[in-house]
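Think of it as A, B and C in the order they're written, each chain with its own count starting at 1.
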Amino acid sequence: VGKRVFTSDRLYEGGAPPGVVMGLSWTAMGGASLYIEVQSVRHKSSGGGTLTSTGQMGSVMEESTRIAHTFARRKLEDFQADNAFFDTHDLHMHVPEGSIPKEGPSAGVTMTTALLSLALNRSVRADVAMTGEISLTGKVLPVGGIKEKTIAARRSGVTCLIFPHGNKKDFEELPGYLKEGLEVHFATVYNDVFDCAFAEESGGGGGSGGFLAPKE
Amino acid sequence: VGKRVFTSDRLYEGGAPPGVVMGLSWTAMGGASLYIEVQSVRHKSSGGGTLTSTGQMGSVMEESTRIAHTFARRKLEDFQADNAFFDTHDLHMHVPEGSIPKEGPSAGVTMTTALLSLALNRSVRADVAMTGEISLTGKVLPVGGIKEKTIAARRSGVTCLIFPHGNKKDFEELPGYLKEGLEVHFATVYNDVFDCAFAEESGGGGGSGGFLAPKE
Amino acid sequence: VGKRVFTSDRLYEGGAPPGVVMGLSWTAMGGASLYIEVQSVRHKSSGGGTLTSTGQMGSVMEESTRIAHTFARRKLEDFQADNAFFDTHDLHMHVPEGSIPKEGPSAGVTMTTALLSLALNRSVRADVAMTGEISLTGKVLPVGGIKEKTIAARRSGVTCLIFPHGNKKDFEELPGYLKEGLEVHFATVYNDVFDCAFAEESGGGGGSGGFLAPKE
């Protein structure tokens, strides 16, 4: 199924820590699974609240980090109004591998999820990967390369995918052997992504015990 | 009526939340309706009052965000002298879709309206779209592409348009089938935009109940 | 064994001070050993915590300095939770020789080690050199030029090497005369690097007296 562009697609095999989420990217050389890593450092004095980004991101992807930051800050207010994490910590978002240029807005939902994962100190499901542009108010916009991204996800052992609702038709048109065995969620707004990414994997009782995303 | 440049022109079909307003843009590929989204995050400690912008804006459009910010802050003082919203919140203005470069000053009135909408926590009319450069004191200046923008607005289901007064002749020269069924307002100063955008849609009693823009 | 690209490979012969660590680089002209130097200045008032970098680093290497900075800050919290070194000092990272352009992510582990060495005020082993990209959470990623780097290390009198685990096969395939007499460690996560670099060289009792890197 093609040559791997990135060699780090199994960097967190078996489950990533809070702040790390697998995204799916798409280049001329094919699809690839790419982790978004966020690290936080508590600011010792007053101040904090900055966001640094690395990983040879182009200007559109760089802007995505800031959209994700603003939206995640806003979203956290809905969940935990008195959680000051984003104001007291300096954040740093990185996309391995550091020498390969990356571009595009399609990591928006992944970046947002990585930031919330860290702020809430909760890992996402171990088997999930996602792609989608996010608007500043949490709308999930369609992206390109659904076929290539699905292939890349399968190659990385992912079984649960989150795609924008606007890409539902693209996915449904894929050949059956590519869709087989995948659990796919189509998101219209970011809360759809959140509910899936932070769901209990095979949880008893169905649904999260006391941790539901508020409706947008 | 031409190919769509943007696919997000129905992102907020049925009405946008406070902070989101539909603008009209014009490129070599035709007109397009484009939302301006503003999100706010309350600063936990002292500080706040910043404005971040994303959406691949060119330098002229970037400057428009700052003109809109200054004018909206000034305008809010007239409405609600003790409203500290702009001083206690970090703001972020975004224009989906994040990967398409955008340029020009014609979103000035739209940006101003989006900022005031958020500060006042009031949505604009669901059926309105607007275009116009704004000066730092609130004068509304004419823009290009009135025909293309009217076509784009119709395509997006918009029925109420706000254009600069300096473009009145451009609109009147359009063929009748393009003008048919549209409610069009021509603005000389920003208050003209405000009165229309925040008017009750089919309000009883004519005019706003207790919320009138002061005269400039 | 080839021409030297850099002439500074014996700059700290006999052992480097805290903040200086030998890395290994690889260019079209061959491998080279290159010191990473970090200097700190205590900030007199509140503030501080900045990182400046010099040495004609390309953008990827420049980003590596920031990844190393964030990770080292985070790591220090695990070791010494109340050590405010990184918040009270302005840091400067330099790679001699200042006129030769350098690029790539493979100095990541070296930079991280130099920063921690300074913050902990502990020198690394005098006989060690290292190479490896670091991710923001401390994963060690494979790099290129293992053969050239091994040759360069031998030329500089280094006897202990730290390579990424992903390069183990590359090293094992080298001819025996290049591997002879070298102590080589393969790192999966940064703690593997730390444990080796700060180990007592021929220490009595085996292992560090009260200074163990916590597990990641």
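Here, contacts are C-beta pairs under 8 Å (C-beta built on N, C-alpha and C of every residue); 3 or more make two chains touch, one makes a residue touch a chain.
These numbers were taken from a predicted model, which means no experiment stands behind them.
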| item | value |
| --- | --- |
| Chain contact topology (line, ring, star, complete or other) | line |
| Same vs different contact residues, chain A with chain B, by half of numbers used | different |
| Between chain B and its twin chain C, rotation from the CA superposition, multiple of 5 degrees | 125 |
| Centroid distance [mean C-alpha coordinates] between chain B and chain A, Å | 31 |
| Whole-Å separation of chain centres (CA-atom averages), chain B against chain C | 53 |
| Set of chain A residues in contact with two or more other chains | 46 |
| Complex contact set, residues of chain A against chain C | 7-8, 11-12, 17, 19-20, 35, 37-46, 52, 54-56, 90, 92-94, 96-99 |
| Partner chain A, residues of chain C touching it in the complex | 46, 59-60, 63-64, 66-67, 70-71, 73-74, 77, 84, 86-88, 104-105, 108, 133, 135-137, 139, 141-142, 166 |
